[in-house]
Structures are given as structure tokens and as C-alpha cells.
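Next, two complexes with chain A in common: one pairs it with chain B, the other with chain C.
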Partner chain A sequence: MKWTILGSYHKTWVPLLLVLIGLAAIAPFLDVYFLYILTIVCLNVILATGLNLLSGYTGQISLCHSGFLGIGAYSCTILMIRLHLPYPLALLSAGLIAGCAGFLVGIPALRLRGLYLAMVTLGFGEIVHLVLHHWQGLTGGPLGLKVPTARIGPVVFKSELSLFYLFLFVAFIFVILARNLIHSKIGRAFRSIAYSEIAAQACGVDLAKYKTLSFALSAFYAGIAGGLYCQLLKYLSPDPFGLFESIQYLTMIVLGGMGSIIGSVVGASLLSILPEILRDFKDYQELIFSLLLMLFILFMPRGIYGMIRSVFRF
Partner chain B sequence: MLLQIENLVKKFGGLTAVNDVSLSVAQGQIHSLIGPNGAGKTTLFHLVTRILKPDFGKITYQGINLLQASPAKIASLGITRTFQTIELFSDMTVLENVLVGYHILIHTGPISSALRFGGFFAEENRAREKSLEILRVVGMEDYQKEIAGSLPLGQRRLLELARALVIEPTLLLLDEPASGLNITETNELMRIILHLKDQRGMTILLVEHNMRVVMEISDQISVLNHGVKIAEGPPHSIKNDPRVIEAYLGSEKKSMENEYVDPEGR
Partner chain C sequence: MGRGRIFPSALFRKEMLIQNLIGGIQAGSLYALVALGLIIIFKATSVLNFAYGEMVMMGAYFSLVFYSFFRLPLPWVFLFALLSGIILGLLLERVICQPLQRASPMTVVIATVAMMGILKSLARLIWGPGYYALPIFTVTPFQFFSLSLSGNTLYTILISVSFMGLFYLFFVFTKIGKGMRATSENPIAASLMGVRIPRVFFLTWAIAGALAALTGLLIAPLTGVFPDMGNISVKGFAAGVLGGFGSVPGGILGGFFLGVAESLAGSYISTAFKDVIAFLLLVAVLIFRPTGLFGKQG
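After this line comes the complex of A and B, so read on.
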């Protein structure tokens, strides 16, 4: 059973590519509101996939992913305003800056587990939130920042449609990259840590290296998502980068399926669309999300995708 | 001597789990460690694999001071182990478990893994071939796609063995590999262990309670009791050693008075 480029891809590539082409084809005929929701779906898919690398595969909880998202969004915007970096470069730098932050948060994770790690990441997320609020010279504080419109060569990403295409393309690439990574030495090392640190170590997996790598990668994903998000927001304020958002991202992967790339896509899609359907009950949104999180952890710990898998046995 | 342990001491609070133990493991031998529960056998394994730090003593392996190596480095020095409690990656497939065992011999970084260049497929295929070969050695090649956690106990033990074997270690530490196995499985295990020694030239340090296994395959046996080495020698001399017989027969009463509790609950 040799592994080749085509052979290793057909299972994920083909369905994903079909979804991509299908969405790209119908996008011009959708109304603006629906397009906006689909764009948010793509954004959350990137974030949830990154979070799943860390929490689902490596087994390290994070309650600060909206913090990484915020770091990405602000870095991208500030680099474009202050240094006039072209958008692709600013976007990549946003990912890298968030990745460095992730690496730093990963260091205490070497000693902490479970609840204690949750507390540290929660604290970090709150610090980011506070810094965004109070470092007015850089972030504009609560007044916010106006985000310069992205352009790549001759293409200006101003219309909803162009932004959707950008988000869709990046989401597709990052899902494929995550999937590649999981089916490699790196992904296996991540998963081994989640199941048994002592055995992983006996196999020569360097816990310090792979835990911090997982944090950095996951934060890199969030940073890239942030760099995209600022384009959608057009006006940046610290509000969308709080604790509730972090819990929401965690809910996505728990709902979709921990330790599953497709699960991240399913969870991110459902939880991006759900709030729109439940718009009339906006006051109860946090309640519904928390309730979903509890119910899924109790009764469907492997999430929707995990359940489908075990029912159909594939 | 492949592995030399000198005056090793490990204390847990007031309890001395390993008390001034010296031990030499010769290349190419099956060296067994026996002793009643709580004698310090597993602690000794944890010390050699650097999961625990000794309070005193020296561990030398192929002339290298092992106490300066990090736990993750032990495998690349050619030392692998199995666990008494079976530590498998339970949601991963059989093949994937063995592939984690091959971790240190795969040389692709995160970027070449994500982008699949730089010989990724060549490395991955080499790892898979090697893993399948080892699964054949333990007779599990037909189960490669099964989820590890769904296997029965006997196969879980064999899978753990395969995972430790895949890098062809110089020194293999087996912590009660026969525990929970039936007679057929135990015989198969003994055949595999002898094959590893005779055909692959591995040195094996074995902790085992099943005396038939120990007496039939060991070249050398060391007996521990309450952290102290009380006897050492080939199987026939250990069998008749009065100190060993006393330790084992007297052990039930003693161990009730002085129950050993491992801080990690093993």
C-alpha cells in the first residue's frame, strides 16, 4: 500500500474541491446577507481547524483563541497602516506574530494540564483584550481603527463577493495543510501526546517541542483568520475578541468533533449559521451555546462527525 | 557491559523504592528482574528511561552517562520500553501506533509535512514498510487498520511491543509483558522475545511475574525485594536460592504490613 501524492489526497481533496467549486459557482447569485454568513463560515473554519490541531489533536485546551484572532487582526491592520505593507505580507506577518504569541503561551503548558492550563489561557486572552482596549496609541482603544482595504496586485477586495472568494480560498488551503500535517510525523506526535505523554516520550517525542509547536501552529491559524477578519469588519474594535468568542470556538470543535479536520469544518459551519437562524433569540445566544457545549461533552464527546463515523463505521 | 547501574537510590518521601541497587546487563542477553510487588522493578525502569530522577547513583549505557540524557532522547540512544499498564495511543490505528514508535527515524519537519515536499512520501513509505514488517514479527499485520483501543488485551500487549521494536532498539525494557495473557499468548510472546535476542541481537531487560517465562528464557536473573537486590545469577541457581524463596514465601505477610504505593498509581 504505497503512498503517493494522488493516493493520499483523493479522500479529502475531491469532496473538498467539489464543495469549493460549488460554493464559488453559486456565490455570484447569492444575496449579500447570505454571502456574509458564508464568509463568516470560512473564517470560522480556519479558526476551528487551527484550534482542533491544539485542543482536539494535541489535547491542550485553549480559552484564548479570540486573543490570537485579535492579535492577528490588529497586527495586519497596524502593519498596513503604519508600515504600508502589501496585504499578503501583512496577512502572513499577522499569522506569524500570533504564532509567536502562541509559542509563548505554550511554554507554561509544558507544566500545566487540564483546568490549570485553561486558567492560564483564559488569563492570556483577557490580557490581550485589555491591551487592545488600553494601548490607545497603537490600537486606538475603544475608538478602534479603520482597516485599509486589501489589494493583491490589481484586485481590490472591497465587494462582499471578492472577500468571500478570498476567505474561501484561504480556508481551503489551510484545511488541506492541516490535514496533511495530521497525516504525518508531526500529527502523529501531537496525537500521541494527547493519549499518553509517558508513552509519547518513550517513543522519542519531545513533549516540549511538540506542545509549543502545536500552540504556535494553532495560533498561526488564528492569526491568519484575524488578518482576514479585519477586512470583513472594516472597522476594528476590541469587542469581538473576548472570552465568549473563545468559548464559541471551543464549542465549534466539540460540536463538530475533537480531533477531526472535517469535524472542525462541520462545527464551524453549524455554529456560524446557528446564530443567524436564532437571531430573534439573540439575548439567549450565550445560554444556548453554553448549553450545547455541556450537552455535547456529556452525551456526544466525539461530536457530530465522530458520531456519524461510528454509526457508518468508516 | 551494555547497561551498568551503580548504587542507584530512589526515595518517595519516607519510602526507599530502590535502595543502593547495582546491576550490569550484558549485551545480547535476556536479563530478568523479579521480586514481589513493590520490590522497585518498575521504578528501576522509570529511572533508566529517565521518567524519574534518582536521588543517588549512576546509570551508564554504552559508556554514556544516561543521567544527562533527556527522557525524549532515550529512544534515539536505542533504548525503548513497554509499560506494565499498557500505554497505547488508543484512538489511533495499530499502524499509526507503530509509526509513532518510528518517530525519531522520520526526518520531515512541519513545513515539508504540510506541503508534502522534500522527500515526504519516500520517508513516509519507508516508515510504513518498516512498521508493517514489525507488525508481521508480532503477527499483527492483519490488524493494521484496527483502532488500538478496541483490541483485546493480548494484542494490545503485542502492539505495544511492536511500537517499542520498530526502531530496532539495542536495549529493550519489557515491563510485565505476559501479565494478563493466556497460555497460548504467553508461549507466542516467549517465542518473539527469543527471536529478538537470537535473530536481531537485542538485549532485553525483563520484569515479569510469570515464573515459567522468567525461568525458561532468561540468561540472567536479578531478584529485588523492598528495593534491595538480594540475589543474582542464572535461572537454575536462582530457583534454589534460599533468600529468594524466603522473599517470595514471606512476601505476603510483609507486603501487607508495608504496602508499597507508587506515587503515580502504577
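After this line comes the complex of A and C, so read on.
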């Protein structure tokens, strides 16, 4: 038993490491545009992996992940401007602040399920969006905030290449982290909650603890992604943190495969590259996204990775 | 002196309050209609329809087309808008409700969310992102004692309240309405008593579609017609949740309560607070009283 788990570890992280090394090796030879797309891919991989921990593994829906992303981006920026925190510290605090927000959203999740939870998370996301708009003293409102350039020691993250390496490194760490978490006691508790809350409780899983933990963890991922995202945006405004973006993140994990880490990597990559391919059809983008979500949920509810797995039986 | 200028008299303050209350009731009647549509679908088919706001939006666009493009007289605009609303409702029933009858709630939520995106982007593609005016009601204000009411306000409140009344009568007195209520209580028992469940689902979505089109028609003169007007569904959720989301009268009361609360908060606290209050109420009620403000405890 132990060996098969170890075996499946190798199956995941060895190819991932190869991908990481490969990407890092070819990155200096890519042009700025490709680099930018790959950076977005890394960002969305972090977010989708975090969301999958919550929605895919624990079975709790979230329509407020762009809210957590926004909290992360704004707290990282504000901490750097107001308190002059060094970037790594600001990034970590951004994750922690978003994680606390996730914990708070997780508390009502103890009593609510399915539809009601969807409504609470929808409401929370809208509240975050409105607060970012209206609390002008702190967030600059619709005018926005200029993001200070990050530096870690002697390295200044100004060029596209350096930002890409940063994003790639963090994405790799967080994907591996999620993978290990899923195979630990916590991950088993998450999956048992998704399967049946009553059965999980009967087996001694502390629902209150693991549900809030799942929310907090997932929001932590989104917060870290936000802390990275603000460096890419260079200029923060409340616009990229609305409901449509939350839906997009949900689409990523449905498309890739609910309840699978590799699935979220696949889904995030596809949906980040797709808009670039469809650049000439910009007006149709939202329609195509929504149609994809609909078709997948109707005809391929296990996502692309789930289908590949059932075809090749591994 | 300064005090006199800001608050000329106690009478003025009282009138402002009443004016605010009426504004709140007007908005509230629309929220109540949205909540009604959401609750009807939820009770009969246990689908929380995130695309309902977009059905409302499509209703507004349908009426716009019949009114401004075909230049039909008002009663025909009503009729055709309701008909196209019904068709849209039936279409969604076929796409969402039927294939996903046995799916988990989360799958259904995602499907309706996808439908929301599809309808919104379709509207944007067909009619563009801009605003259209739909001036179907007179705006000339008339005096009612010392208050000035616009025809808009009066018609909105009258039409929506009378439709709520009609629905009440339908659910309580007609055989179909009774069958629908029975289905929402217990589908299996209802089907054993001879209620045809698929037909009930079909009818429910048709009725909700008509209601959505009506709501769109009533909202359009106030806000204009634009692709994002479906966001009102979030207010409808809030209204429904305030009423416990299980009962139709609760949802309607919740709608009026929310409208008045918003209007008062907007004018006495700050305008920024007006939009936030719906969501604060939504989250607070779900956390502290999941059965709703007017629902039974436990």
C-alpha cells in the first residue's frame, strides 16, 4: 500500500520536475509574448490547484475565488507600499490574509451545503469587489494602485524572464505541496467529506476542522497567486476580481478534471492559452468559455484528465 | 441658520422618509418578483437557477425588440414578451433540468452558471454592450397629497403586486397549482397520487420564464436595457434567502424588506452602502438564521 502511494508520487512529480526544467531551460529563448502567456499559465495553475483542493476534493463550491485573489493582490501591494515589507514577507502575508478570509467564509459552510454555500460565496465575492471599489482610502478605488517592483535580496523582478522564473518556481512548489497533501491524512479527510459528510463524521473526521481548513488552504493558494499577480499587472484595479473571473477558475477545474491535481494543471493551461488562440474572436471569448463549461459539465463531467485516465486505464 | 438650511423642517424630513419608503417598495416589488421566480423553480425542481437574472435580461431585450423594432402596441408587447419568456424557460428546462436530474447540486449550479455566461454573452453579441431606453410607461409625475409619484413607480408596484396575487390564486386554487405544490413537498408521493412530474417541471419552467420576462419588462423602463442587468438576480437571491428560500410569501416579503432597507441605507448612511447591504444581509442571514428572517426556527 505504502509503495503504491510512493509510486504514484514518482509518477507525478518526476514528469513535473522534467517539465519545470524544460520550461526553465527554453525560457530565455522565448519572445516576450510567449513568456507572458506561460507566466499566466503558472499563475492560473496555482489558483486552479487551490480551488481543486476545495471544490474537487472537498466538494465545496466557491464562487468567490477571484475575491480571494483580489484580497491577496491588494494586501501584498498595500503591505509593500504602507509598511515597506520586503516582497517575500508581503507575499506570504498576502497568502495568510486571504487564508483568514477563506477561514471566515468556511465557517458558514459548516451549516450550509450545495446551493446555499454557492450563494454565500457569491455574496462574499461581490462584497470584496464592492469594498475594493469603494474603500478609496486604502485601495485607491477605481483609480487603482501602482504596484512597487518586487525584489528578493539582490534580484529585482522587473524583466519578464525573472517574473516567469518566480511564477514557475512558486507554481511548482505549490503543485507538489497539493499533491503531497492529498495523499496525507488531511487529503483523505477532504475526500471523505466530498463523498459523504455523514459517513466522514461517523469515521471520526472532524467536519468543522477540515471544512474550514479546506477553505483556508484554498484561499491561501489564491492569496499567494494574488501576491504574484500584482507583480504581473503592475497596476491594480478592482476589475480583474469579479464574478466572471471566479467562474473562469471554476471552468478550469471542471475542464481539467475535478479532484485531480494534474487535471487542474491541464485545465488551467488550456484555458490560459485558449484566449490567446482566440484573440481574433475576442467578442466570442465569453461565449466560448461558457459553452465549454456547459458541454463539459453535461457530457464529460470528469474532465479531460479524467477521460484520458479512463481511456488509458491508469 | 445652518441647521435650517440642511433640514428646513420636520415635515420635509417626514416627506423624504415617505418618498424613500416608496422608492424602496418599488425596488422591493421587483426584487420580490425575481425572488418569486427563483423560488418557484427551486421548490419544484430543486435547481437554484443562477441564470434567472439572465432570463430577466432576455425578457427586457425581447420587449425592447417588440416595442422599438416592431413598434407593436403595449398589450401586444406584454403578450409577446411573455410568450418568448416561456419559450426561453422551456429551452432551459430541456438543456439544464432534464439532463441533470440526478446530478449533484454542485454540477447543477455549475451548469446554470454556464448558462448565465452563455445568455449574457449572446445578448452582448446580438445587441452590443450599450444601453437602450425602453420608455413604455409615462414618467410625468402626479401629485398624491403632498407626494409626487411618477407613473413608472405606480405601474411597477401595481403590476407586480397584482401578478403576485395571481400567482397566489394559481397555487392555491387551481388543480395544476396544487399538483406543483404537492411535487415540491414530496415528488414521489405526488407522482403516486397521479401528478405527472415531468409535466410539472415543464410547467414550472414555463411559468418562471413568463415571470422573468415580465420582470425584465418592468425593470427596463427604470434602468434601461443592457447585458449586465441580470445582476439583479443576486438581489433576488438575497430577498429569497431573507424569506428562507422555501416559501413564496417569505420570498416576497424578503424582497420588499430588502428594497426598503437598501433605499433607507442609501439615503441615510451612504450611497456606497446601498449595494453592499444586500450582500451583508445575505451572508448574515445565512450564517445566523439559515431558515430566513420570517421562516420557522429549527
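We take it that the second predicted complex is superposed on the first by the 305 of 314 C-alpha atoms of A that agree within 3 Å, B and C clash if a C-alpha of one lies under 4 Å from a C-alpha of the other, contacts with A are read in each partner's own complex, and residues count from 1 in each chain.
Throughout what follows, contacts are C-beta pairs under 8 Å (C-beta built on N, C-alpha and C of every residue); 3 or more make two chains touch, one makes a residue touch a chain.
Nothing here was measured: the structure is a model prediction, and the numbers come from that model.
Contacts of A:R191 after superposition on the shared chain: chain B is touched, whereas chain C is not. Contact with neither chain B nor chain C is seen for A:S237 once the two complexes are overlaid on the shared chain. In the superposition on chain A, A:V254 contacts chain C only, with no contact to chain B. Within the superposed three-chain model, A:E126 lies in touch with chain C and out of touch with chain B [touch as defined at top].
In the superposed model, A:S162 makes contact with neither chain B nor chain C.
In the overlay built on the shared chain, the residue A:H134 is in contact with chain C alone; chain B does not reach it. Legend: residue contacts after superposition of the two complexes on their common chain; A:V205 is shown touching chain B, with no touch to chain C.
Shared contact residues of chain A with chain B and chain C: none. Listed in rising order, the residues of chain C touching chain A in the complex are 42, 48, 50, 95, 99-100, 103-107, 109-111, 113-118, 120-122, 124-125, 234, 237-238, 241, 245, 272, 275-276, 279-280, 282-283, 286-287, 290.
Across the complex, chain A is touched by residues 49, 51, 70-76, 80-81, 83, 87-92, 96, 99-101, 103-104, 106, 108-110, 113-116, 120-121, 123-125, 127-128, 163-164, 167 of chain B.
For chain A in complex with chain C, the touching residues are 55, 59, 61, 63, 107-108, 111-116, 118-120, 122-124, 126-127, 130-131, 134, 244, 247, 250-251, 254, 283-284, 286-287, 289-291, 293-294, 297-298, 301. Of all residues in chain A, those touching chain B in their complex are 1-5, 8, 177-178, 180-181, 184-189, 191-192, 195-196, 198-207, 209, 213, 217, 259.
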